[in-house]
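After the structure tokens below, expect a handful of questions from me.
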Amino acid sequence: MAGAPPFPQPSGLQAWLLSAEPNSRWQARLGRGYLGWRSFTKNPLAVLGLAIVILLVLVAAFADFIAPYSPIVGGDLRTERLLPPSETYWLGTDDQARDIFSRIIYGSRITLFVVILVSIIATPVGLLVGTVSGYLGGWVDTVLMRITDIFLAFPRLVLALAFVAALGPGIENAVIAIAITSWPPYARIARAETLMIRNSDFIAAVKLQGASTPRIIMGHVVPLCVSSLIVRVTLDMAGIILTAAGLGFLGLGAQPPMPEWGAMVATGRNYLIDQWWVAAMPGIAIFVVSLGFNLLGDGLRDVLDPKAAK
Amino acid sequence: MTKPLLDVEDLRVRFHLRTGTVEAVRGVSFQLGRERLGIVGESGSGKSQTGRAILGLTPPPGEVTAKRLAFDGIDLQKASKRTLRDLRGGRISMVMQDPKYSLNPVMTIGEQIIEAYQAHRKASKAEARDRALAMLEAVKMRDPTRVFSLYPHEVSGGMGQRAMIAMMLVTDPDLLIADEPTSALDVTVSMEVLRILDELVTERGMGLIFISHDLKLVSSFCDRVLVMYAGRVVEELEAKNLRDAQHPYTQGLMRCLPTLADDVRPLPTLNRDPAWAL
Amino acid sequence: MTSSTAIGSGGHDALRFYLTKTVQFIAVLATTLFGLVAVTFFIGRVVPIDPVIAIVGDRASPQVYERVRQELGLDLPLLQQFWIYLKKAATGDFGNSVLTTNPVMTDIANVFPATLELATLGTLIGVVFGIPLGILAAVKRGSLIDQFVRLLGLVGYSVPIFWLGLMGLLLFYAKLDWVAGPGRLDVTYSYLYTPVTNIVLLDTAMQGQWDAFWDALWHIILPASLLGYFSLAYISRMTRSFMLNELAQEYVIAARVKGLSEMRVIWRHALRNAAVPLVTVIALSYANLLEGSVLTETVFAWPGLGQYITNSLQNADMNAVLGGTLVIGATFVVLNLVSDLLYRLLDPRTR
Amino acid sequence: ATPPDTLVQAWQIDDIITLDPAEVFEFTAAELMGNTYERLINYDPKDVSKIYGEVAESWTVSPDGKTFTFKIKPGKKFASGNPLTAEDVVFSLQRAVLLDKSPAFILGQFGLTKDNVKDKIKQTGPMELTMEVDKAYAPTFVLYALTSTVASVVDKKLVMQNEKDGDLGYNWLKTHYAGSGPFSIRDWKANEVVVLERNPNYVKPTPLARVIVRHIKETATQRILLEKGDVDMARNLNPEELTAVAKNPDIEVESGAKGGVWYLGLNQKNPNLAKPEVRKALKYLVDYSAIADTIMKNKGEVHQSFLPKGFLGSVSDTPYKLDVAKAKELLAKAGLKDGFTVTMDTRSTAEVTGIAQALQQTFAQAGVKLEIIPGDGKQTLTKYRARQHDIYIGRWGADYQDPNTNADTFAANEDNSDDAKAKPLAWRNAWDPGPLTAKTRAAVLERDSEKRAQMYKELQQSVLDDGPFVVFLQEIENVAMRKNVDGFILGPSFDTNSYAQVTKK
Amino acid sequence: MLDIQNLKVVFGTGRLRVEAVKNVSFHVEQGAAYGLVGESGSGKSTVLRAICGLAPITGGRVTVNGEAVTSPRSKAFYRTVQMVFQDPYASLHPRHTVDSTLSEPLAIHGEKDAESRILQALREVGLGPSFRFRYPHQLSGGQRQRIAIARALILRPKVLLLDEPTSALDASVQAEILNLLDDLRRRLGLTYILVSHDLAVVAHLCERLLVMQHGEAVEETTAAALRSGAASNEYTQSLIQASQGFTRAAPQPAQAPAA
């Protein structure tokens, strides 16, 4: 190394983690993670994003303890309906005289559920289609990309709507519908990435060891595409939440009285001008969570995506 | 050498990174007249950063300090942006390693040369064009008018590098920094390019800083050589005396190369002494 | 070597190249459209809405119901229905919309230009503001302006469009009176011109109806800005990342070595290169605006394609849905092609 | 602002699918038909019992009650300039039956079929015609049916000029106009606009030169436009918006009860709902007044029997109110002490969803877990018609002004098997009303109004007690309009909303 | 050991057709080291890649150990022939530790004893066990190249194809790697084919070599002949010239640079 040592002298655990000569797989992995974590924590916005996401998880986990009222059962329609924010109802009440704060708290569960489910459905599908198509090339690529194109060219709403219509409304089906409409861009990204990777020497090297194609794709290509996909997916989270909201809006997403944020905003649309809080509060919640995921995604990009971190 | 063209004293380049501070160049000093100065050293020894710091092109997180950094009596550290810009390309130029990356892929070679010329000389399009063609001819381009309208990807590495030289010399600079100008080229082609550079120096009286890691080449091409190690100049000597270098580092570098002449086996390797870096 | 092949490529080669490109394009268009038709068609059959009810209403007698069912050919086997549909579609007959009773293509010819107009202006706004913002953010990476652009983008990503739309209407139309209200044109002007292209701005301008033109502009500006904002959010972000990429390239340093002004380095060198992938991004965002403007269209009472498709879908008006989907799919493919061609134009390496 | 001679309305008109009065069955189009076509007879929107001749000068009923003879007013002209004669009326009525579109059953129920209509409806003079029905129905029943849109008089000459392949001008009239009403239809752009223009040939030319209906889907947008004065009327404001605009000094809200009722249909195929105690319990689990006063404020008033107010024999008693204790008691009696779970198919519009959620809350108080299955209108309807729901929440509008229209569907079911031909609401909920069917049939034949009213009262009472319908609201229609608009008539049914006398100050 | 007859490699079709290798033949005996030199783009790498199946064999014949190679290559082939790439920065998977890089071939071939084989391989290339769990970014260029060599050797192949194994490295590191290769060949009795553009490097490691230009074999010669400066071919001559460094008053080179 030229010049001064790049790090201040580390000590204890830190030294163990940063050791240039790890003694085990675990130490190597943890050390790598720690380095990533360090560069991640140097970015205050990314940390803020992570904090928001963790907060979301905590709120979802402890909703029962946090929420002061039931998210489902409302108060007296005559006296407690559409009340503005006050000391009793921090964020006001909605058209069914329910406490908006409590609904938002419980809604975090649904939001989390949607976000997680979509990412664990859409990401692997996109990843698989993209890597297989990019790696194999030829007619497999042509066929898979044509299919991807068709799905891309589909009006998203039509597809999602039709899908939900076929399976019946409900949040799970809405999630599947969103996942189905969101994988094509992931496939594209994964394919582009694969095309870059597939001619690299380290892939040629495993080929020369006699590795089978599935082995190369799963063990060597996929791990390299995952990070840029993770980044992209976190950046897409806001869009996913809003699409779920959009479906909720058309009555195809979460079923009333589920406190799904998008559906809450949709209901609030009727009171937008005079009872602004009904739509605004869940809207702010969506915004904050999207912001969190976006910041997190940006931060992750710097850590995971070597191209962007210059 | 009454008044040096370039006067560098205690040049330092630091990069403040998240992981700490990297000192890429640590107190380099030298003076340059109208001569060929070679800078050699291993990868990462700070050769390029020295060259870039002179041009004021140290990339963003970098910080440059120097006791003195003067070109032809102009203090480069205090000079205004405007002055720097006029100097850059006008009086100091740089040829970079790989024409594949350092030529703008979406502009024709002619456009790029004209642009360089017009940035410093008031000239009509036609004048600039003539000048660019003349320059392409000067670098021994065989069909200048054709090359003029080609895009960088349409020419070979050697042609690209010559175009790059033409672009950087079109304003008749007093100082040229060549940062490994031939390492991306084939041996035969690189000789061609070097010959052109050599002619330009001898004919125009230009100062040349030639950065390379190839000692054999530097010793045969330059007048004087700086040997760098870990951001420092460990030795400065006349090129022809390179074989008689004093510093063990320089000696080691010279010896570990296989040659056609004799067959040493095993090749001597370099045993790095931590003291060299101090 | 590369140079000789490049020179050797005469007009003949180029011609052959474009010929194969054209053939390829037609093949792509055909397969994509076929895929779209097939998927949409079969989706239409699983949607649990009875298309007959959509036509005859809730109170019709059983005889009426049965007759309409037969008229629609719904009693035939599925594949046969599909085949009939395909045959007709091949001749440009996409059937009649149940809801509007017009031939689907006539309907689309009416609604698509409205969406096109809106999306085009929106994309224009997104490009005109998004690109400079993205450049600024990249050049001043990490600065306040960079954060501002990021925030702007984030808001664009995470705020429901109908909320922004209504707030925009309240503020700029109801309160400030800066723009005209919902709709495409004031009723007083609607009969002053003859619709030719159905793009109001174009029709009125061509017919010299300048009052109507200004009124139309007055109407479109708010929804277009709104859509423009969303495309701005996307474009500025992508511009930023492409510019960061380009600014780190060697040729940018070479340009600086030449002593070029920073403006020139950024605009002429870096942006010129960043423009290549940007073209695709712009095309993509344009396509998104074309299909994704349903909610904007609803808020602004804009009789466009998005509304048309949604409405049709909810009424199981499958002819209309199919037609609309095809038009969107075709637009998408065409946009792809255009961006491909532009790509070629902008990047000499791909020529 | 809008021009002084033009009335501009903001209105959701995406349900218009045709302009042919023989086919129109949608609220929006029906209202437009009411303002652009004339019918043989009509009734006074202020007093439904006052029937008068619109195109007919007078009419007589034969002693056996089966033949109606109409005399046409002389000197009437269509908007096209063609004179209106008995020939046009005969053509119009026959055409409606021959085309056999959705509303054709309104005429068909008198025994008029494609095969016999040419004999049953006959021109007997230049200005005279007769119509023969199959039974001695209560005359008002027949006359009210003739006031409906399907009986509108179309311009035979004009329509037949545009006939193609013997379609009786159907394909042309779907998008064109051939009537004699106060306004003529100048233009219809689906989902965008309808433009009506003064018909100069109408007896009493309208003060307004033009009526423009703009399709504005978003109610908040309607409100903004209204407050800004860029429309004169907003037709679809929601309760909160109505309350808010009512405070605006430039705007007033007019409302009128309509012939529609809101109800829950309890599918008798569901074993729980089939229990009479459960049906009754659910009737006690609706907070009628809270819904009417909050979620449906301005949109509905509490009403529990199937005939809306204003109809002959309508019962306005509201015996049920939210009574959880009583409901629990009833449920216990049915062996469902711990309640049960049931689904409800719900249109995903704001108001229906709102009501559904309110129901969900009150039902839950007695342990009935109501799961809402949202879907769009056509989707839930499809399911409803296939009898696949548990509970369906819906709105039923009267087709014509005679009580039979609702009795026929709520209280009669000839055949409760899955493949029955007629599918009234009772059938859809798989309810066999037993003797009520016969009673309903008898009521249409009762010529004594008093007695007939009594019969309907009894029918309503039976359904109220035991039927699978929880009727909870009667619909109120609201129109928010600028103060300078005057003379708009909000009739008891949709086709009686009239702009003929509207003026703008 | 290795016999190449009239090898021809063509990439692409139509406008994009490139004849990368045209009719190249040579023969390498067991335990010998054979060099391929030539300027950039002359098809050196392509010859190697064609041998091991990374480039298509359009024409001609490749026999290894007396057997013609099959397409795709059999698993047994990979136990006989392995390759080391030019750029040590690109030839290691950035997300895999040295350990997983080295255990991959063992896993593929179902070899037991991975633990000791990995340690042994590391020892062979002069690295200690402390390198086992490092990631490529924690290694210098020379160390990476050693890992790449270890990976190639771990299956105990008989033939090693070396594609400019030192051209991305500093001179001092190059010396280390060259010494290592020299040593391994002697100890393990390996057969080498070495590609380089540096005549001195080829002459150092190989006994015989083939000079290539534009995809064609220009001249086959020996290291000894090179050292004595004897070359029948003008192009070879100019290569020898250039390898001596810059000569100020040199005559124009015989071969014009590609243009």
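Descriptive notes on the structure:
Which chain is which? They are A, B, C, D and E, in the order written, and residues in each are numbered from 1.
In this section, contacts are C-beta pairs under 8 Å (C-beta built on N, C-alpha and C of every residue); 3 or more make two chains touch, one makes a residue touch a chain.
The model shown is predicted, which means the values in this text are computed figures rather than measured ones.
The minimum number of touch steps linking chain A to chain D comes to 1. Should one ask which of A-E and B-E has more C-beta pairs in contact, the pair is B-E. The most central chain, judged by the distance from its Cα centroid to the centroid of all protein Cα atoms shown, is C. Ranked by distance of CA centroids from chain E, the top chain is D. Rounded to a whole number, the gap between the C-alpha centres of chain B and chain D is 89 angstrom. Taking each chain's centre as the average of its CA atoms, chain B and chain E sit 31 Å apart. Chain centres here are Cα averages; for chain C and chain D they lie 40 Å apart. Centroid to centroid, with C-alpha atoms defining each point, chain A and chain C lie 26 Å apart.
For chain D, the set of residues that touch two or more other chains comprises 220, 224, 376, 379.
Of all residues in chain A, those touching 2 or more other chains are 165, 168, 250, 269, 272-273, listed in ascending order. Shared interface positions of chain B, i.e. residues touching 2 or more other chains, are given as 156, 159.
Residue ranges on chain C touching chain A, taken from their complex, read 28, 31-32, 35-36, 39-40, 43-44, 46-49, 150, 154-155, 157-160, 162-163, 166, 170, 241, 244-245, 248, 291-292, 294-295, 306, 309-310, 313-314, 321, 324-325, 328-329, 332-333, 336. In the complex of the two chains, the chain A residues touching chain E come out as 20-25, 27-28, 32, 200-202, 204-212, 215, 219-220, 223-224, 306. Partner chain B is touched in their complex by these residues of chain C: 1-3, 6-7, 249-251, 253-261, 264, 268-269, 272-273, 276, 346-349. Touching chain D in their complex are the following residues of chain A: 73-74, 76-78, 81-82, 95-96, 165, 168-169, 250-252, 255-257, 267, 269-275.
In the complex of the two chains, the chain D residues touching chain C come out as 2-3, 6, 8, 14, 17-18, 25-26, 100-105, 108, 174-175, 189-193, 212, 214-218, 220-221, 224-225, 227-228, 230, 376-379, 381-383, 385, 399, 421-423.
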